[in-house]
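Let me give you the structure first, and then I'll get to my questions.
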């Protein structure tokens, strides 16, 4: 698949927001899915070589967006792509979030992990859910797209570790004060997700988390993105890119995960 | 002949509609890609390296990108030969493409046992023996870097199979690949595939740890192409059996280059991760190249480079 | 100490203001770059490999770019040790940087003869023995890929020099670089540099000829970095003498990576062709990195990666 | 050195004309020199790795131009560089043309080999020379910058192999009709240069040619660009990038040259 870059905005020092046009893509995608993006625009240039995985942040009828953080080679190139440029990517990949209806749900996001939760919020709202967003970051510079989330969330609670926006502290601390959710959806740093899963277990709430592992193929062939899941017979391997990136948080063997 | 497919090749008596085979470990068991491309258009698929029993593979992380390449230490994870035959092969068989099964073992006996199980399956076209994976923590598979062990394991497998031609896949991590190629041929190999990955390492300067938990991993992708081309040439000059070229192929020009160096077919590996459509684009572009250059059959290119 | 230069290192009793040395063959006789950078800021320069007599080198073409790398078959062209001493060294000596002279020979006797001539020159700081160039048409220099020949040539040179420490530079084109490193140390090498180029090949599909007249050439540049890092680690784990890391270094992060793998210094090669300012930028960035991470001296990084 | 791209125009299918801003560069340069250009704009991308050599086509007080042909990776990237982009290059390199004064000179260019002859024409005109340009190509698509040349040349003779512009045939055929030049300057395909040198030898005219060899370093260190030159003791080696790219055409051992 390919599509034109509609916009590629720098939100602040390290965060960018890009929209890509492709109607076929949006017809196929579901919240929580990701795609593999070729950050090297020219096929004849082989460095960086591999495509990069990104969560689908939002969609409309014309295209989709991604919220990304500047990390290394690929995202550095991505940040330099100008609007109008034709870029290549895979179709929507992986296993998305399972949507509930008529429920009270919590979305818990940390840093750039907020990315897939916007499209999720949009779809959950369509199913008459009451949505509370818990959004954490190191500082106010890590908090984005609040205006977009306001369109779908009944309540937004923000925390930053340095206290520059919202409540000072970790987002997981905000969770302790409310325990009446029907389901929690989570995406962010592993420690934050683990803490959120612990909260969910304690309160017997369903929880799905979106994981990230380094990916080469993104489609289930290379076996480079393995996740360890607890099943009745013991711990089994799953591919983050096919059986994930969304998993039942309570089934993840957190101690076996990387980083 | 006018209507003969100019991309059709024959390897060890087996016809391939074109010389583009996907490389073991980069194309899963084949069916993973069926959602993205028409795998019937491939000449062949070399499936993920199978062992006697299921292998869980190495600890994470297992991959890291490098300049124009990647390192992997998957650890030969696979579902085992029995589950492959019962669960994957029936699905894969639906497609019109040659099926090559890549396999390995920890001992000579294991190699033989896996080979024998595969040898009787009519849906499989060829066997490819991986004697060169550097990823096993137990010191690595020594077979592919020890001449005596190579002779032993190839002879043993060849003696125990009757139906399938045997390709032996060579490691590049040796002083003289010609020696290993000759040993393989003399031990009965029906074809040689070259090369498997180069042994490499990458350290994260922030964590001060290796990027992959196995410490070292196999280097693949365009970065290694010049080494692969050189080794194909050396093997071609050494053996009479056909050589299958592997290493860094990204486009049709790379394929022509490998043919000129001596290849009779090629395998496309890491490129499948870059874009699943690459092998099919290669088939299309190769067709155009063959037509434009008025070549009757691609096999005419094998070893035809001008010194 | 507070005012001690945190980039200063000591190799074989010789102090270097920083661990950045430019690699033989990529920096000429040193003076070619003086127009572009202040070569006194370099830790050291390893000059083009010298032989007893002038060598005209291979036929053209001698170079071709490859994915993230390049192949060269210069053929060890050089002006000979005598002309180097009389014509180049006086100019090079004006700069405040360590001078390492890379040398080679066709026979053990030639190696010894060159070494002896260099050993008495006070303006030279160290000798680096190239036993691994694959470019000579006469079948290549076998020294670096034959254990017995390696032992013979290193022992012979070491016995015949008195004043200069001897670095032996290893070829990566071997099954086990650890074996060669151990042989070198046991034969008296004072340090090991690793790696020289990987042997590769590239064919032009339009002319159907190799891109370089020698057919094969040495592969260098970022493409080979993972192989180089792995080999530095293996050599570091094997010998007690210091290891100088070479292969694909482009920036300060690469240098830190090599140090973590076990290097005590590094050589920057192909990068000099990409931008002559790269070595000096590396020195600056390394300084910042050392300060930021509160490291007293860069030598603390040697082999400190966390398994 | 670095400079901003002022323009990067496609002249036709495969020819491009680029101007780069850098006053320091123009203070230093001489006709016939070349420079090494980093076609890969991002330092962290290492493919293509090496810089590319290009002749200085023209200069004004603000910057210099290059005329280039689309060949492979590097020139493909170059063709995609947009105006305003900051690019990196070396200072002027190599040995340029030796200028004569008050003379009748011929400039003989073939294909993209015309590139260094424009700046040469400009400088020769300043020294009161009478200039005739002989410009050859395969077709009219290979003929460019004629309006620029008209500013400095007294006469322009064009030939194309397919006869689509000027006289049908090779540019060297145009030379046979005039032999009263004091000096010939030449740049183009090796067979054309060889033929021009033969013409100069036959007519005892001084001749300088600009050669090209594959280059890695461009500054005399790698020994990858060797040219063979006849000297009294026999054939010696010279570096195209330092002792060249301009050489006395009669001294070149043509049979030893590549391609």
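Letters A, B, C and D mark the chains as written, and numbering starts fresh at 1 in each.
The rule we apply is simple: a residue touches a chain if its C-beta (ideal position, glycine included) is under 8 Å from a C-beta of that chain, and two chains touch if they have at least 3 such contacts.
Owing to the predicted nature of the structure, the values given are computational and were not obtained by experimental measurement.
Trainee: Kindly list the shared contact partners of subunit A and subunit B, in label order.
Mentor: C, D
Trainee: Report the chain pair from C-D, B-D or A-C that duplicates the A-B interface, where duplication means over half of the contact pairs agree by residue number.
Mentor: Looking at which residue pairs coincide with A-B, the repeat is C-D.
Trainee: Counting in whole Å, what is the centre-to-centre distance of subunit A and subunit C, each centre being its mean C-alpha position?
Mentor: Distance between chain centres: 46 Å.
Trainee: With centres defined as the mean C-alpha position, give me the subunit C-subunit D separation in Å.
Mentor: The mean C-alpha positions of subunit C and subunit D differ by 36 Å.
Trainee: Just give me the whole-number Å value for how far the CA centre of subunit A lies from that of subunit D.
Mentor: Each chain reduced to its C-alpha mean, subunit A and subunit D end up 54 Å apart.
Trainee: For subunit D, write out the residues touching at least two other chains, lowest number first.
Mentor: In subunit D, the residues touching two or more other chains are 46-48, 73.
Trainee: Multi-chain contacts only, two chains or more: what residues does subunit B have there?
Mentor: Within subunit B, the residues that touch at least two other chains are 67-69, 221-222.
Trainee: If every chain is a node and each touching pair gets an edge, what shape is that graph: line, ring, star, complete or other?
Mentor: complete
Trainee: What residues on subunit D touch subunit B, complex-wise?
Mentor: 46-47
Trainee: Touching residues of subunit B toward subunit C in the complex: what are they?
Mentor: Its residues touching subunit C are 66-69, 71, 145, 173-176, 198-203, 205, 207-210, 215-216, 219, 221-227, 229-230, 233, 248, 253, 256-257, 260-261, 304-307.
Trainee: Within their complex, state which residues of subunit A touch subunit D.
Mentor: The touching residues are 40, 42, 44-48, 73, 76-77, 80.
Trainee: Inside the complex, what are the residues of subunit B that reach subunit A?
Mentor: 25-28, 32-33, 35-36, 48, 56-57, 60-65, 67-70, 72, 74, 77, 221-222, 250-251, 270, 272-276
Trainee: Which part of subunit D faces subunit C closely enough to touch in the complex?
Mentor: The contact residues of subunit D facing subunit C are 38, 43, 46-51, 73, 88, 90-91, 213-224, 226, 237, 242, 256-258.
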